[in-house]
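What follows is a set of notes on a single structure, which appears directly below.
Letters A, B and C mark the chains as written, and numbering starts fresh at 1 in each.
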Amino acid sequence: MQSAVSIKDLKIAYGDHPVIEKMSIDIAPREFLVLLGPSGCGKSTLLNAIAGLQDITAGEIWISGKNVSWEEPKDRGIGMVFQSYALYPRMSIRKNLSFGLRVAGLPKTEIEARVARTAALLHLDKLLDRRPAELSGGQRQRVAIGRALVREVDVFLFDEPLSNLDAKLRNELRVEIKKLHQNLGNTMIYVTHDQVEALTLADRIAIMRDGVIQQLASPAEIYHRPANLFVAGFIGAPAMNFIEGRIERGDGRPVFVSKGLAVDLSGYCFQVATSDGPATLGFRPDHLVLDGAASGLPTIAGRISVVEPMGSEAVLWFDWAGQSLSLRLMGDVSLKPGDALAPGLDIRKASLFDADGSRL
Amino acid sequence: MPIKRKPHLSATFALLPTWFVAVVVFIGTMAWSIRLSFTNSTLFPSSTYVGFTQYVKLFYSAKWLASLQNVLIFGVLYVAGCLLLGFLLAAALDRKIRFESAFRTIFLYPYAMSFVVTGLIWQWMLNPTLGIQASVRSLGWETFVLDWVVNRDMAIYALVLAGVWQGAGLVMVIALAGMRGIEAEQWKAARIDGIPVWRIYVSIILPQLGPALAAAGMLLAMGVIKTYDIVVAMTNGGPGNSTEVPAKFIMDNLFGRQNLGLATAGATVLVLGVITAVAPFRYAIYMRNRAKGAA
Amino acid sequence: MARLHPNGPRPTQITAGRIGLYAFLFIAALFFLLPLYTMVVTSLKTMSEIRLGQIFSLPQTLDFSAWATAWSGACMGTTCVGIRTGFWNSVAITVPSVALSVFVGAVNGYALSLWRPRWANVLFGLLMAGGLIPYQIFLYPMVRAMANVSLYNSLAGIILVHVIFGLPLVTLLFRNYFVSVPEELCKAARVDGAGFWRIFFEIMLPIAVPMVVVVSMLQFTGIWNDFLLGLVFAGRDNLPMTVQLNNIVNTTMGERNYNVNMAATILTAIVPLAIYFLSGRWFVRGIAAGAVKG
């Protein structure tokens, strides 16, 4: 099947300073791809390059089977939503929505029909004659989305569209975007630094760092089987717990050893053949079982330092061998700081990384 | 292989007239003038090069030397006077007073008027036979003297007076904008520390206004070097050479005395003066920005 | 024991400091207003009253004849047609100069800040340097060059000169304004298919209306108040009001008609003053913006 968007050996550099190195991605039609990473990782640059707003240094960009590497943005068959909304301040909402269509010289009736359809879809009907300044943040962002939709193209690009909104609106609009994708079935490429958005919206997530994709996989895969230490640390809140130690093979079976802790690794699903040596054990706060003794799992004993209740769940912070580890519990907690605990670790759900940070 | 799109052609095209102005008008004419300063041109440009003869002549000219001295005295007093009066006015207006906007309007209106108008007004005010001097004398103070415009030793101060009257409002506006930009919490903190108001202005407000006041001073200093209109209108360089200024010296030699070589030499010296005055300032800003960028 | 009542009396509103403050402000206001007052009363007096040497006294009778003379009869050398022609010359010079320089400056600022073509920074640097350098170094070659293309001593010529010398400041102001416009606005418009000029006219110029007003006002007063360029480039038939005013006052033979001179001075100052008084806030914004170059 033909890709909706295809990036081939893309390189972008500002002078001598490379921002993106030799990147290749294929995005399937109807796919929702999220580009996730810390600021400065090149994710917005990549999106701008796909849009044609950023000149590329080498490589090719294909959209809907056409090489658009040097095409003007308007000729690429894309719509784009910006972080700052970028609504034209002196135009009414109607004019904002129709500007691109008017520039393209579409017949008046067609423009009116499309604007009406988009406005109905996004519940903007009553706002059409207002100016952007008269709208709330959420309404403005809906107009910005509408301006992309009205172009009726196959590929939509979102550049951190929700990051200027408050938490409540962000959640609402996130659901709306997901619905929109389910109803329209367009290809969407979505840049964000918010992992919740990425995990909830994406079919696949591309985690980027310093212009290189660290892992390109489904949200579940990324959450449960991070490809390296960076991905493991970037995804999840509270962050994954890491314990540094060694893998040793005493009687043939691999064992993770660290500061009095010895965890049998025979239940762990290795990706690569390993030898003895330094390694990092990573496990998420929700992969610890509170009552370790009853579960029969290897236990990590410590003393509680802080309890963070969060309503439906709670995070316990406890000290183990001079470092602070976290544990997530569902429901109410009666434990207090100072209490001892010995949670059990399910090694099948944990992750192991070698000295270079790659998953074992 | 796709053909690389030529980006932003329209932007480049739109800037062409400005390129023309920058390169041909600014650089080109300046180079031409500098070239003329090394020739013996008089009424018409000549291509006989005479080395630095015109510059030597320039610095043997009593009029040129007088004009340099005058512009220095005028410049220092005018800039300092505007900064001081402007800052005081701004500080006074900042004290939550009544009729603030009326006062502000009064202090700034001279800045809207031309130097010619300013010069003529003060020429009339300082007129020794019918101006302020005559009025005060008729009140009974028979020995009162205010004859600056006709007094060789005082004429330059008359220019300073008129200049400060015209330009102090500019500094006031800039300083007041700066004071209004300072967070109210600093005032609250200083009041809780029990610091007297004048002390707050000197030790807390003034340092923060530094860059704004420096910009205002820079603007005024640029005006000093270009000083021409106000002199022509008020004293026309007199009495004697007491208010001659370089810009006027150059204009007289360019268009009045037909002494092109000497005039362009003077203009070149003036440009060098501006460069030496501005370069350290720009360099400091550049270095500061670089330091900021690196941090 | 806790103190139930505050120590000392409630402080009064009027203190010595406040009185000193207002005294300073009133004296300063007097200093700034006296010349304007003197100018007005002098213009309304007869010459015989002026000769009494009471510069601050109010006129005994209101005599507007000096204004009429200044407008239509005052002499520059041997021609006695008043400052009227200068007024209309200044209008003819200023209006097109302002319109053109604001337009070109706005395009420059927009192109330099939002499109950044190659060498944009070099061009901007050259322009700013040109704005700092004293005009005297440009004058003679410009006179010669303009004479070669028959623009010297013409209305078109002086307008062109004003546009050229206005470019550094106007470009700077618009560049600084457009730098604060989010770049995404430009990107969104490009995705919508608009090009350089379309974005400028349909999106950026409407946003920049306040700046256009501020810059126009600044340029209007600046060009109206110009003396040097008008003197050199405008030619006898197009001399602006400032030059004619100086000719009336400073080149008269015989007794000076101080009342006429002051009336002519007021007439010359009245246009920029009107702009200032009618639009104080905008004017203030203009100079504040112009001053913060660094």
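Keep in mind that, in the parts below, a residue touches a chain if its C-beta (ideal position, glycine included) is under 8 Å from a C-beta of that chain, and two chains touch if they have at least 3 such contacts.
Here the structure is a predicted model, which means the values were calculated and not measured.
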Result of counting contacting C-beta pairs for A-C and B-C, higher pair: B-C
From subunit C, the most remote chain by mean C-alpha position: A
Between subunit C and subunit A, distance of the C-alpha-averaged centres to the nearest whole Å: 56
Whole-Å gap separating subunit B and subunit C, where each centre is the average of the chain's CA atoms: 15
Multi-chain contact sites of subunit A, meaning residues that touch two or more partners: 72
Touching two or more other chains - residue numbers and ranges from subunit C: none
In the complex, subunit A residues that touch subunit C: 48, 51-53, 72-74, 78-80, 82-84, 86-91, 99-100, 103-104, 147, 151, 159
In the complex with subunit A, residue positions of subunit C that touch it: 182, 184-185, 187-194, 198, 202-203, 206-207
Parts of subunit B lying in touch with subunit C, wherever the complex brings them together: 8, 10-12, 14-15, 17-19, 21-23, 25-30, 32-34, 36, 45, 85, 88-89, 92-93, 95, 97, 101, 103-117, 120-125, 127, 129-132, 134-135, 137-138, 165, 169-170, 173-174, 177, 197, 211-212, 214-216, 218-219, 222, 225-226, 228-229, 232-233, 236, 247, 250-251, 254-255, 260, 263-264, 266-268, 270-271, 274, 278, 285
For the subunit C and subunit B complex, residues of the former touching the latter: 17, 21-22, 24-25, 28-29, 31-36, 38-39, 42, 50-51, 53-57, 104, 107-108, 111-112, 115-118, 120, 123, 126-127, 129-130, 132-142, 144-145, 164, 167, 171, 195-197, 221, 224-228, 232, 242, 245-246, 249-250, 258, 261-262, 265, 268-269, 272-273, 275-277, 280, 283-284, 287-288, 290-294
